[in-house]
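Order as written gives the chain letters A, B and C; numbering starts at 1 within each chain.
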Amino acid sequence: MEAYTTLLETYDFALKTNRREEFIHITKKIKNLLKKTELNKGFVKIFCPHTTASVSIIQNANPDVLRDINEILKPLIPHKQQLNVEGNSDAHFKSALFGASLDIPVENSELLLGPWQGIFFCEFDGPRTRKVIVQFFGTIK
Amino acid sequence: MEAYTTLLETYDFALKTNRREEFIHITKKIKNLLKKTELNKGFVKIFCPHTTASVSIIQNANPDVLRDINEILKPLIPHKQQLNVEGNSDAHFKSALFGASLDIPVENSELLLGPWQGIFFCEFDGPRTRKVIVQFFGTIK
Amino acid sequence: MEAYTTLLETYDFALKTNRREEFIHITKKIKNLLKKTELNKGFVKIFCPHTTASVSIIQNANPDVLRDINEILKPLIPHKQQLNVEGNSDAHFKSALFGASLDIPVENSELLLGPWQGIFFCEFDGPRTRKVIVQFFGTIK
């Protein structure tokens, strides 16, 4: 057991989405920020400051999985008549379910993602310009 | 890149819920605790120690969105006959989906919530007296 | 308000699942690791590096609740024909909903779990051999 000092950095980046529903792969952006911080051991926190979008870990090998997830999601939480005059409560609901905040452990300056895991920005009410907040906590070598 | 010491505080507060299903806005309570800690940069962790309730980030501008979310949720996960003699497995299911743990980044002593985001305690089997646990991690000025 | 140094440990353990859908109780494994770290105050982070499984907090007193949750889940997100040739997109969807990452606050070297809460590994496409990553952050006495 060892005691460490904490490294702490906060970044953000903008993202343009292209469709109403879209899963955008952002693992590379997170890896590039990780390199910049020189973090060795700890975790990265990814936060979505929007109420009709999310950040989530999803399979990243076969794009058919993302298409299937959207096909399951559409009839499950339909985009239909609502009290809300903006008509996007389905997107608010999906955003709450998929979540605004996500952490990934880091060891030896690498994300401890599994071989099939990718980090995705989930757009549920686009196209829009979005923001992603990224924080790093832990120790340097 | 800088090294910091870590500030760490644990608080809790009680909450009375009024209906079986209810979304209670707690952003102000979290902001008041944040002021007390003098945290400058880091994150706040909000934890729900119950299995038929959750904490979640949901839109906080138009109350119709919360009503719509409840209207989507009710037929999706109905409150009906179950093996469980307490008859509240729908609430346990919602609790697992919406989640027990939530983090929000902090910079310059402010929550980095988006303009429409609010922090909500989600009651799925009230009315009850509930508890919320709040932790702060990071650095002071 | 006090300033602390940060303790940080990363562990992992393997897990064998026995059925396609299964909730495996892992609270005891996490408590044993917590003892090893001598962490006094902070949090434990549990991470699932798989895209057809999750980690989640669910009720741990009455096994009927787990059976009910599976009975709600099966027709909601059916295991049916999909684009994906592996035919397990339902499992990928459940994995994204239940989440890959979970934190539990620690005080006085104890998990701040509520009396009914248990930590579960959620298998959605077993049986398989799985891995769980566990990190500890905070201070020792």
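Heads up, the rule we're going with is that a residue touches a chain if its C-beta (ideal position, glycine included) is under 8 Å from a C-beta of that chain, and two chains touch if they have at least 3 such contacts.
The structure displayed is predicted, hence computed values, not measured ones.
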item: Copies chain A and chain B touch via same or different residues, half shared test; value: different
item: Relative orientation of copies chain B and chain C, as a Cα rotation angle in degrees, nearest 5; value: 120
item: Averaged-CA centre spacing for the pair chain B and chain A, given as whole angstrom; value: 19
item: Shared interface positions of chain C, touching two or more other chains; value: 5-6, 76, 97, 99, 103, 137
item: Chain A residues touching chain C - in the complex, by the definition given at the top; value: 1-6, 41-43, 56-60, 62, 64-65, 67-69, 71-73, 76, 97-99, 102-105, 107, 112-114, 116-117, 137-139
item: List of chain A residues in touch with chain B within their complex; value: 5-10, 37-38, 45, 47, 49-52, 76-77, 82-86, 89-90, 92-93, 95-97, 99-101, 103, 131, 133, 135, 137, 140
